[in-house]
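There are structures below to look over.
Each of the two complexes below includes chain A, the first together with chain B, the second together with chain C.
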Partner chain A sequence: MSVVVPAAQSLPAPLTRMASPRRLLLRRMLRSRSFLIGGGIVVFVALVAIFAPGLAPFDPDRIGAGKRLAAPGAKFLLGTDEFGRDILSRVIFGARYTLYIGLVAVGIGLLCGVVIGATAAYAGGWFGGLLMRTIDLLYTFPDVLIALGLVAFLGPNLTNAMIAVGISAIPYYARVTYGVVLSERQKPYVDAAQVVGAGHLRVVVRHLMPNVLPPMIVVASLGFSAAVLSAAALSFLGLGAQPPTPEWGLMLSTGRNYITRDPWLVIGPGVAIFITVMAFNLFGDGVRDLLDPRQRQRTQ
Partner chain B sequence: MTRFILRRLFTALITLIISSFLVCMLIHLIPGDPVAMMMAQNSSPTPEQLAAMRHMLGLDLPLWQQYFHYVGRLLTGDMGRSIFGSEPVGKLLLERLPNTFALAFAGLAIAIGFGMPLGFFAAYKKGSWADSALMAFAVAGVSVPNFWLGLMLVLLFSMTLGWLPVAGEDWRSMILPAVTLGVTYMAIIARMTRSAMIEVFSEDFIRTARAKGLPESIVMFRHALRPAMISVVTIIGVVFGYLMGGAVVVENVFSWNGLGRLAIQAINYRDYPLIQGFILLFATIIVVMSVLLDIAYAWLDPRISVQ
Partner chain C sequence: MPVATDLLDIQDLTVTFGGGSSRVTALHGVSFDLRKGETLALVGESGSGKSLTALSIMGLLPPEGHVAGGRVMLGSEDLLTQSRRDLVRTRGSRVSMVFQEPMTSLNPVLTVGRQLTEGLEFHRGATRAAAKARALDLLKLVGLTQPERRMRQYPHQLSGGMRQRVMIAMALACEPDLIIADEPTTALDVSIQAQIIDLMLDIKERLGTAILLITHDLGVVAEMADRIAVLYAGHVIEIAESLTLFDTPRHPYTEGLLAAVPRLDVLVAGTTARVRLAELPGSVPSPADRTNGCPFTPRCPIATARCAAEMPPMTPLDAAHSVACWERAP
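Our next item is the complex of A and B:
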């Protein structure tokens, strides 16, 4: 829209010497510790997942790669498990499962949540109200419980766990989208678009969505960490990934049987989950600070 | 206030109706014939046995009547019978409920008891190294998987130091599960308290209170704490629900004999009536808790009930 341009041209002269918004954002990015540390680790985990076959010293499923339950040493940096499989290789391949689970679950939750939230906010009235009431209702139930209930009936396996975790997060995404769209909807550019004759779908997709997207990056990043935690918990409870998948939650679940004798079985996979989840949380916090400096000022 | 409570009870009732409907319909998510799946424990059920089970569960009725059949049974206090062991579901659940409540409240006490003072302190010392350290701890707290934290605590306090038992029923054996459960929510409450306090500290009435020369302790505890409390109380309702959900996982780490352990056993045995009862009971507890908290909230902040 050309409405903004004349206003920008008539800015007073001294302001034009200010750094461009892009440079400003870049500078803030480099100064934000959460963003740098979190983003750095996220990239690292992604690289480990992509290059897992090259990085892992052994085949993660190779039984008897070493002695059973060998202590960490030069050959097996994190030791071996009850089948003599190399734990380090299994942790490295586990990064693939974790990122895959997170992407699928967040994808399902985000897609459904955004559609529901945006529809409710844009439609408004009794329909929007009813939709959001239902979402609020589901939001009060812990996501682990919803996921657990769904997996119990769908049947315990990795695919169902991902679906269940994704569905359990829909209320969260729907609520955030609803809030954001509701506040954006009241802004003049929406009226302007409607006045010029844009249809509902066009207003939502072309005008609202680009403004709704940035906050959704924050939400998706924080949601990713929650999804990874829930899915790992389901696998730990025996309701997600099934043996011999090198999934971190499942590795903890089988490793705990040997915790007295061989504690390293539960240390490697646990640290991996912890670090990955923390990275996504830091990254999400960092992006939020960058997008909304006002919020940052208020809370720092 | 009475009108507010009545309206709140009405929405709670609607919530329960919708939850029970969803729980009733869960059975249709089962791939294939639910009755055959349930009777799979029984080596070869006869067609008569299958039909009898189908009739008992009301699954031979048209879909829209199934819900009324289900609620009709619920209203007479019948949550069905456990397929494995054939005991009444209600009895099984109520036996375990006190243990889960004990664990969840102990976790909540730890979360509030440590989270609020820490958040208050961090806000008061905003920008100091202590504030940074506490907030770093809070990020770690929300990121740590509780089932792993539990295993690590067992490794340290039970196996290496020998201070606390791994499992059992007395209060000493509740310390580790309660801490495991509480840490995440302690971190969340600390973060919430901190930002609520920082917001309150910048309000005009705090500046006024300081300007008229009140001692700092009175400004903090009489003027700043109450408004900050309100925003924290609101999230305690949500936190409690999530704490109950977390208890399901933590119970299975420590073999704590609560609802969560029962639920996982039920899932492993495909004991669907028991799972349905478990979810419905959880939903009811969460709805009741949220009503109570809303009333507490309205009492703390009279503006709420007027809206």
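Our next item is the complex of A and C:
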């Protein structure tokens, strides 16, 4: 028997696996409760929207699927409305409209807001000042009011409501972008890029934007819930989706006539709006925690 | 006088800030020239206008700044009157710059490779593959190990010295005739400083690039510069060849500046009693309250009545040494 331990056996196992940035991010994601819960519900709502035809027990528009104003029960889990339509099916299909409205409205607001904010901050001077003062002027009005005015002007339907909600959010995105670009633009890497010979457009698109977008992701996910609420409000007022669209705001609006006797007409869509909005807010908070751990330590 | 070998010729560069009654002049007719392959050091205290001179050459003055007069001739072109389009073309390809803060002068969200190849792609129209090959060569040139790996890394994954090497590689990418180095070693450790200085000297030898070195560190100047221009409160007050200036400074400010440098040899060879560092009394006058006279008058040991009333012109003492002082070069 040999006393010498074979070299291969004495080699220590690799101490720690190198923590790659991706793995670190994953670990932080799993630790952030608001990100997990918010993100989970967001994914759930998205899946419901995508697979709505398979999930819904009835055709959402089928009149007389059951008795009119039937209370929740085994067949109609959330009851039926004044036309005997299954409320659960309508809520499920409503998720499609809600996510669609949110995406389009945030898309419009974010795109225009980022372009305006970045232009104003980068150009500076009287031009930037004028642009931002105009935005400030719009910012003084509540955005639902602006959306209302726009829908009144464009005509009440779902598409116009989405556009109006998007436009009314532009000042918000523009202001945030303005602030971020203003602080980024003073960093030496911007001068360094110009010194190498990058023109204005290139500096903004290639060098500034990658630094500006992470905070905008947070702002957009928080803005999403605001857009959903605004669109629901417009539909509630009869300026957005039109009957018989199974849109949550519109369902609330028609259901409110029965609110004392048959409250399930508003409970279904109301709870759906509440959960979706809360999920996007949690999700936005979670993303902010992930992207800016320092901010999180300060607030804790 | 512009000679055939002149690369950069700055004449009477005057830069002001603000307008109306709050207008201040930050550079008063700064003039100097730089020959091909030469290293000229601009030295002076904080606020003397060193960096402002560099930014004027690059056309990167802050929005409040305004070039009130003078010429910045690069070859036969005046950079101050160039169209914006030509200016963008000049930057990077003919004149380039290395900044003081390697920590913040690189874009934090772009890889080193991306930042290196960018200039090549738009100045030279290089394909991505060609630009990448050139970037690898550049990283080797500036002495970075594992260049392939560095290309994929982000600035925060590199040390300060490595980032400054990347900055130098970026500045060299399109083989400019002139590199402006604005305090290239100030933010680095002393041992890294030496490496960066060696690197810049080596590159200058190999590529024949002229360097305009901006610094307040006279040690760096002694290592690198062929000639030195001393700036005080927006005036060039003395220009001479490096050795001449260190041996026989003529302007009282230059004398004071050199006397204020801590010297290791004096400490070692000196007696037990510590030698007190010479200091210049007072401070640089604010650009807002300048007189017509020499700005150094309040701090000058040999000032006369004339100094307070009239700014002395740059007067040549010999072919390579000029000074602006009534007493030393009447």
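Simple rule for what comes next: the second predicted complex is superposed on the first by the 279 of 300 C-alpha atoms of A that agree within 3 Å, B and C clash if a C-alpha of one lies under 4 Å from a C-alpha of the other, contacts with A are read in each partner's own complex, and residues count from 1 in each chain.
One rule holds in what follows: a contact is a pair of C-beta atoms (placed from the backbone, for glycine too) under 8 Å apart; a residue touches a chain by one contact, two chains touch by 3 or more.
Note that the structure is a prediction, hence the values are computed from the model and not measured.
Taken together in the superposed arrangement on chain A, chain B and chain C fit without clashing.
When the shared chain is aligned, chain C comes close enough to touch A:His207, but chain B does not.
Once chain A of one complex is fitted onto chain A of the other, the partner contacts of A:Val195 are limited to chain C, with no touch recorded for chain B. Of the two partner chains placed around the shared chain by superposition, chain B is the only one that A:Leu137 touches, whereas chain C remains out of contact.
After overlaying the two complexes on the shared chain, residue contacts for A:Phe236 are found with chain B alone; chain C is out of touch.
When both complexes are overlaid on chain A, the residue A:Lys187 reaches chain C alone and has no touch with chain B.
When the two complexes are overlaid on their common chain A, residue A:Gly64 makes contact with neither chain B nor chain C.
Touch counts on chain A: comparing chain C and chain B, the chain ahead is B. In the superposition on chain A, A:Asp285 makes contact with chain B only, not with chain C. Of the two partner chains placed by superposition, only chain B is touched by A:Pro156; chain C is not. Closest approach of chain B to chain C, taken over C-alpha atoms in the A-based superposition, is 17 Å. On the chain A side of its complex with chain C, the touching residues are 124-125, 187-189, 191-199, 202, 206-207, 210-211.
Those residues of chain C whose C-beta lies close enough to touch chain A in the complex are 58, 60, 63, 88-93, 96-97, 99-101, 104-110, 118-119, 122-123, 167, 170-171, 173-174.
Of all residues in chain B, only 15, 18-19, 23, 26-27, 29-31, 126-127, 139-140, 142-148, 151-152, 154-155, 159, 194-195, 198-199, 237-238, 241-242, 244-246, 248-249, 252-253, 263-264, 266-268, 272, 275, 279, 282-283, 286-287, 290 touch chain A in the complex they form. By the touch criterion stated above, chain A contacts chain B in their complex at residues 134, 137, 139-145, 148-156, 225, 229, 232-233, 236-239, 249, 252, 256, 259-260, 263, 266, 270, 273-274, 277-278, 281-282, 285, 298-300.
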